[in-house]
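Step one of this worksheet: look at the structure below.
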Amino acid sequence: MHVDHGSPLGRWEARAELPLFAASLLFLASYAVRVLAPGLAPPWRDVCLAVTLALWALFVADYLVRWRLSGRRLGFVRTHWLDTVVLVLPLLRPVRVVRVYWAVQRRRDRPRLTLHARVITYAGLTAVLLGFSGALSVYHQEHAAPGATIRTFGDALWWTCSTLTTVGYGDVAPVTWAGRLIAVGMMGCGLALLGAVTGSFSAWLIQTFAREDEERPPAG
Amino acid sequence: MHVDHGSPLGRWEARAELPLFAASLLFLASYAVRVLAPGLAPPWRDVCLAVTLALWALFVADYLVRWRLSGRRLGFVRTHWLDTVVLVLPLLRPVRVVRVYWAVQRRRDRPRLTLHARVITYAGLTAVLLGFSGALSVYHQEHAAPGATIRTFGDALWWTCSTLTTVGYGDVAPVTWAGRLIAVGMMGCGLALLGAVTGSFSAWLIQTFAREDEERPPAG
Amino acid sequence: MHVDHGSPLGRWEARAELPLFAASLLFLASYAVRVLAPGLAPPWRDVCLAVTLALWALFVADYLVRWRLSGRRLGFVRTHWLDTVVLVLPLLRPVRVVRVYWAVQRRRDRPRLTLHARVITYAGLTAVLLGFSGALSVYHQEHAAPGATIRTFGDALWWTCSTLTTVGYGDVAPVTWAGRLIAVGMMGCGLALLGAVTGSFSAWLIQTFAREDEERPPAG
Amino acid sequence: MHVDHGSPLGRWEARAELPLFAASLLFLASYAVRVLAPGLAPPWRDVCLAVTLALWALFVADYLVRWRLSGRRLGFVRTHWLDTVVLVLPLLRPVRVVRVYWAVQRRRDRPRLTLHARVITYAGLTAVLLGFSGALSVYHQEHAAPGATIRTFGDALWWTCSTLTTVGYGDVAPVTWAGRLIAVGMMGCGLALLGAVTGSFSAWLIQTFAREDEERPPAG
């Protein structure tokens, strides 16, 4: 969180953050094309696969560079455990969106958003991007499974929305092991999203209470 | 939020708020009649349609007047994005109910409700009005779809309640694209409603804690 | 809330609270017997019905006495709207359990529970009693309906638990109008219960934070 | 909570906490083996049963020793009601994980985790361990029941996740009395888990707000 911008690691991270975020969006797009367009002509499929693998290699290279610049060994893996998870499962990279926000912020001189707006923006963006990744992966695992109820990508998106908001109709639901494993991760995200919305609202109300108490004349 | 009542824009808004809210309720009613009474005699159907379109034109006129009075161009659209959304989807106009409250409040001299009561009232009113709009739209999209489980307006209301409270039984659920799109919006409302209730309760508890701490004698 | 114990109304309420709570539990019990034991011998059924009606008459009498003692007219109905609701739907009387707590508290000299324990106790007791009333009513409406999934009282209790915690499996769900109307009320209770648990937890955490901040030495 | 480490009871608890936690994990494991491997050779089944019973006897012995050392009679049962529940239902022992944390903490000199990290860690660990116990018990009750939808242990785990996050798809759900009773307990855990996540988030946001207010220069 508190990055030292004078160190080589800090300078690398400040420079690499935005290109890497673009790369992770491209990764998501190339995965989406492969999953959603199975009838694509073979040469284009190969291009997609190549792009996916090349981007993954890029993520590995960035991780290694940062590991080297940090001058540490296992300690780096422990303190950067989220980066390690994200390296193994690149579809989760959008959770780093908060760092991108910081990188953008440093370049401009505009005042930062209020904590509130930041929490809501971050929770919203993360929910949208992770939801899209999750819907893709679940669709990939489920659409050809016997007895599946998630048969189109639309079903997967619908199921994702009902899961992330913890509504959970159950009219469509994953039936394979891999699909259910991804689903459990998304339920966790839904719980966190609910916590973010509720906590944020609660904090805003308490702040407004406190401000009203101050504004009120003491004699009133 | 902080309207300048001396400016032409502020005066217009203060005067137009209540009639426009009445117009939006009438809009909802005329839409409801068209959706719920398909067997209505053709002339009455035409009257309903005419009322709906006339009210929409009224909303457009109000938006244009305010845009003109503001003396701005695209900036107005950005700062009034909620008004723009509400212009395109007039069924969402009831979310402006909080402004109506302010307009009413300014005319009376009664002390305002506590923040708590206001949040609960606003959340409750918005939930009821948006829930009714949503149930109407979903029923409109679903009732004739093949394989639909939402076949009567009662089913739509029942489904709306289970969605807004995030219970989500799933015994009835939308199956069409349009219906599911509306449903996703309503899940978002449900999440916000849950946040409002929870946050409000939490803020009230914390305030009560603080007050009890003050009332307690320091030696106790 | 702030009852004046010197006034005739205050003295009446202080004395009548506990017997009326016992009466409302008895009301619940006699309703339960009628609903759950349809094969009861006719004389016993009549006794149950008589007890139910007599208790209802008692509640009406209490309401009228309080209305008279208050010396007001419509104002009493407005400020005591919860009492009015509870008069029309006596199965909801258990929500008055918080007043019983106060009545008991006044007689003892023991220190009151912390706000936390009180909120949790109140939310828990209300959830149990309202849940039981709701399960009874829903079972009463549903068990003989065509296509019903709630066929035994056990099903009704199971459905109640999944509704009050907002889990909402939907394996059993009401299908009649009356059953769904009661269900909507119970979803609202579930939302409030969730708000109470979450808000209470949040308030406790914030209080503990504040205390730890105070205990920590300033140099630390 | 506030254990006196000088008393015989305090010393016993400090020493016995970690071995007892290991024993409760072993209890869970031996129960899991018996439930999940019904085709185990009879001698191994007997070993499992013997281990289970021996560990239960150990828990009873620990309870009796602590009851004796406390020098009290029924008062001990009342103030240690959670221990009493956990004695009767040893699968719930993992809820004592917070005490294990304290016992470990006392031995090290490292600074304690922040309240936040502790709440999240405790909620997460409890959810995982109780969820596993619950999934085992529900699977045990359900897998051979007529009309059951929970037929494999995987189904039970999937159902557990959807229950603890209050999503509740309902594609699989318990149908026996015992299974539903356990399910109700798990819904309660889910509600508490939701409260912990939300409350924790809310408390963190409020703390961060307060800190930002302090850091901001007063003229700003």
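Read from first to last, the chains carry the letters A, B, C and D; within each, the first residue is number 1.
As a working rule, contacts are C-beta pairs under 8 Å (C-beta built on N, C-alpha and C of every residue); 3 or more make two chains touch, one makes a residue touch a chain.
Here the structure is a predicted model, which is why all the values come from computation and not from measurement.
A.B. asks: So using the touch definition from the top, which pair is joined by more C-beta contacts, C-D or A-C?
C.D. replies: C-D
A.B. asks: In terms of contact pairs by residue number, which of A-C, B-C or B-D shares over half with A-B?
C.D. replies: Over half of the A-B contact pairs recur in B-C.
A.B. asks: Quick one: report the Å distance separating subunit C from subunit D, using the average Cα coordinate of each chain.
C.D. replies: Those two chain centres are 30 Å apart.
A.B. asks: Could you please state the distance in Å, as a whole number, between where the Cα atoms of subunit A are centred and where those of subunit C are centred?
C.D. replies: 43
A.B. asks: For subunit B, jot down the residues that touch at least 2 other chains.
C.D. replies: Answer for subunit B, listing residues that touch two or more other chains: 166-170, 194, 198-200, 202-203, 206.
A.B. asks: So in the complex, the part of subunit B that touches subunit C is made up of which residues?
C.D. replies: Answer in residue numbers: 154, 158, 161-162, 165-171, 193-194, 197-206, 208-209, 212.
A.B. asks: Which part of subunit C faces subunit A closely enough to touch in the complex?
C.D. replies: Checking each residue of subunit C against subunit A gives 166-170, 198-199, 202.
A.B. asks: For subunit B, which residues are in contact with subunit A within the complex?
C.D. replies: Where subunit B meets subunit A, its residues are 115, 119, 163, 166-170, 173, 177, 180, 183-184, 187-188, 190-192, 194-196, 198-200, 202-203, 206-207.
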